[in-house]
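Dropping the structures in below, format is structure tokens.
Presented sequentially are two complexes of chain A, the first with chain B as partner and the second with chain C.
And then the complex of A and B:
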């Protein structure tokens, strides 16, 4: 296997100006010196919070944005300066409902995008039918896109991304807006692409998705790379940490603060669902906190108490919080 | 290549117009040019106290037709940017100039047809006499004017890659043409600098040539005007083709293709 994506000390700054009279320049370091390589045939995940620099990185890789400095190569060519050698062989799928012609049918949309890639008409016709079938839009292919549901538009986006049979597919939160069946369909498509030897770089906020699909994952935070490894190895990074989930009737700030003060506790967070308040606690495995925790939670109506395996989400949260 | 051009042009046109019925398109395409034509002709009639409004009917008909072409071509990337499709176009290997021409092709044809209709209706209202007109020459002048307008529109469209203020640029261009190309004010009455400026604008020569058809035809002058208009169109096309790659690079560098 050879590296089809090479990123070295990649930086991208955005300069904004504020004020009318006294103009003040502000520099935002969206991507701040990241380095990674993606091998041919690999599914590579890029995880990070909103604003971490994932989309900016993808935009630089798909030749839509120039790096401020550093090296950014796809298929051995620089993405800025040698983009003509890259564009025919890559494509991208961005989440959301933008990017297609809403007053054309799905079939016409795909014809249009096939023409942008100079695909021969017979090849394009055959491929369009195959892709429509793959994304489950065959029976609605001649309806105007403006009559589609959000999920159907997203399926069309996926079809658009596959129209030139790309060697590398870049996906930025591709399952946003998809229902569970649609999301499953996309994951199956990604797996099929891998079987065909295609390379996929994807960003997602769904950790289980990254865990299921990716061969390797890079976690970026504030424009910097904080971890890069296989999902299993990443989980081992937080060895020595255990996780507890408690469902309680109330989770006041004071309670959270009391739990945080228990010796051995690394982090505490809370959320609310229809059953009550869930408190997530990460603690050192060699510290048994259960006794103290039960004392703190006394009279708090505990509905459930679960000790959990470390997940990719735990790793992600810990790494992001640490950085 | 030609098949692909027409396929893309048709899909683009279909994508823009499929929401409207035939009657709506006809009403919009004909009524707007006609009302505008009537407005300028009535204004000119009162301002210059003339009863023969032939020059204004001809000039404004040309102007409306060419304006539609310039707006159709010039706004190519604005809509794409607004609907989030610009990135698909930029990242694809297609030449960006061909996108402009494909998207402008059918709107320009529609503009010619609709404004021609408006022109004849306006002519009926203002009593323009067509009996002595050479229709072949009139068509030739229209085609040459369209070519120059296409070049001008293409050049403006390129700017759409780097700015999202195309509505301002296109409206400004439209008013500049209205003032300087001779449709409403005789070029000879403009100050020297404005007269020189009018020479680098599309339409100035076409309007003069078209007006000549209603007066006395000077073949030498007419040929010279048409060659000049063609030459101007070619220059616009060459500049547009040269700068499109530079502007694209600049937009990629400055992150101007989308709101990032």
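And then the complex of A and C:
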């Protein structure tokens, strides 16, 4: 396998100006020196908080933005200066409802983009039918996109991203706005693309999605790369940490504070659902906190008590908090 | 061939997208009717012969320019808001080819303003419209279309650079109508304004159309104006090529292809 995406010490700054009389320049370091490679046929995940620099990185890779400095190559060509060699072999899908002509039908949208990708008419016609079928829009293909639901627009986005049968597909939060069936359909499409030897680079906020799909994952925080490995190896990074979830009737700040004070506890957080309050506790694996924890919770109504495996989400939260 | 397909498809898409917008329909249909009526009322006591031709052309050209202004320029902003500007930019099709297709589509559709203005003058006022040199008029209209296409391409490129498109296109609509003499001869403008008028190609296109309507007695004069229009249009074409090369890099450095 060879590297089809090469990123070395990549930086991207945005300059904004404020004020009318005394104009003040502000430089935002959206991407601040990241380095990674993606191999051919790999599904590569970019995880990070909002504003971490994931979308900016993708935009540089798809030739939409120029890097401020560093190396950014796709299929062996520089994304700024040699973009003509890249554009016909890649495509991208951005999450959300933008990026389609709402006053055209889905079929007309796809026909137009097929022309922009210089796809011959017979090939395009056949491919459009296949893709519409794949994303489940065949029976609504001739309706105007403005009559579509959010999920249908997102499916059309996916179809548009596949129109040129790209070697590399970039996806920025592609399952945003999709219902569970749509999200599963997209995950199946990504798996099929991998079977066909295609490379996929995706960003997502859904950790289970990244865990299920990605061969390797890079975690970005504040424009810097904080981890890069396979999902399993990333989970091992936080080895020595165990996780407990307790469902209780009440979770006051005092209770949370008392749990935090238990020896061996690394972090405590709480959320509310329809069944009650869930307390999430991370503790050192070599410290058995259950006895002390039950003492703290003895007068509380405990509905459930679960010892959990470390998930990618735990790793992600820990890495982002540490950085 | 592939570029021609892109131009043709973009042209069709542009016409479809433009026509469904109420604002565009207003500029295309309602504005020339209102402008023709207002101009007729203003000119009817002017004592000029053949003033209805002036009115018809003035109303039509004003409508044509408004359509171009609010479409060729405004479309950049609309595409940016829809999130499609960045999509079309990174396709293998040349961005300048796509812009050309859009501008061509708009200009062809916008020529409807001339017909609507003509019909308004004819139906509402039963105006006698005399074109003394119809052959020259056809040539003049063709030259005007080329001139409007090149100026639109320059505008579309310049407006790709900024997100304040709406502001700029509102700023240029009326001044161009006045500076280029769409409804009165530019010679009545202050002398210090004339160099600006003469630097704008529509000024010469309007002169050609007027001359064709009133009759080309002096062919030398007609072809001199046509030559000047050709020279200015060539300058605009060179400027478009320069803008195309510069701006395609600049938008990627400044990140202005998307809504911030």
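Just a few scattered comments:
The definition used in the following text is that the second predicted complex is superposed on the first by the 323 of 323 C-alpha atoms of A that agree within 3 Å, B and C clash if a C-alpha of one lies under 4 Å from a C-alpha of the other, contacts with A are read in each partner's own complex, and residues count from 1 in each chain.
Methods note: a residue touches a chain if its C-beta (ideal position, glycine included) is under 8 Å from a C-beta of that chain, and two chains touch if they have at least 3 such contacts.
Predicted model only: the values in this text are computed from it and were never measured.
Following the overlay on chain A, a clash is recorded for the pair chain B and chain C. Looking at the shared chain after the overlay, A:316 reaches neither chain B nor chain C. When both complexes are overlaid on chain A, the residue A:36 reaches neither chain B nor chain C. Contacts of A:65 after superposition on the shared chain: both chain B and chain C are touched. Judged by the touch definition given at the top, the superposed model places A:44 against neither chain B nor chain C. Under the contact criterion defined above, the residues of chain A that touch both chain B in one complex and chain C in the other are 14, 59, 62-66, 80, 84, 87-88, 92, 94, 96, 98-104, 108, 111-113, 115-118, 160. Listing the residues of chain C that touch chain A in their complex gives 2, 5-6, 9-10, 13, 16-17, 20, 82-84, 86-93, 98, 249, 252-253, 255, 257.
Residue ranges on chain B touching chain A, taken from their complex, read 3-4, 7-8, 11-12, 14-16, 18-19, 83-85, 87-94, 249, 252-253, 255, 257-258, 260. Across the interface of their complex, chain C is touched by residues 14, 59, 62-66, 80, 83-84, 87-88, 92, 94, 96, 98-104, 108, 111-113, 115-118, 160 of chain A. Put simply, chain A touches chain B in their complex at residues 14, 30, 55-56, 59, 62-66, 80, 84, 87-88, 90-92, 94, 96, 98-104, 108, 111-113, 115-118, 121, 144, 146, 160.
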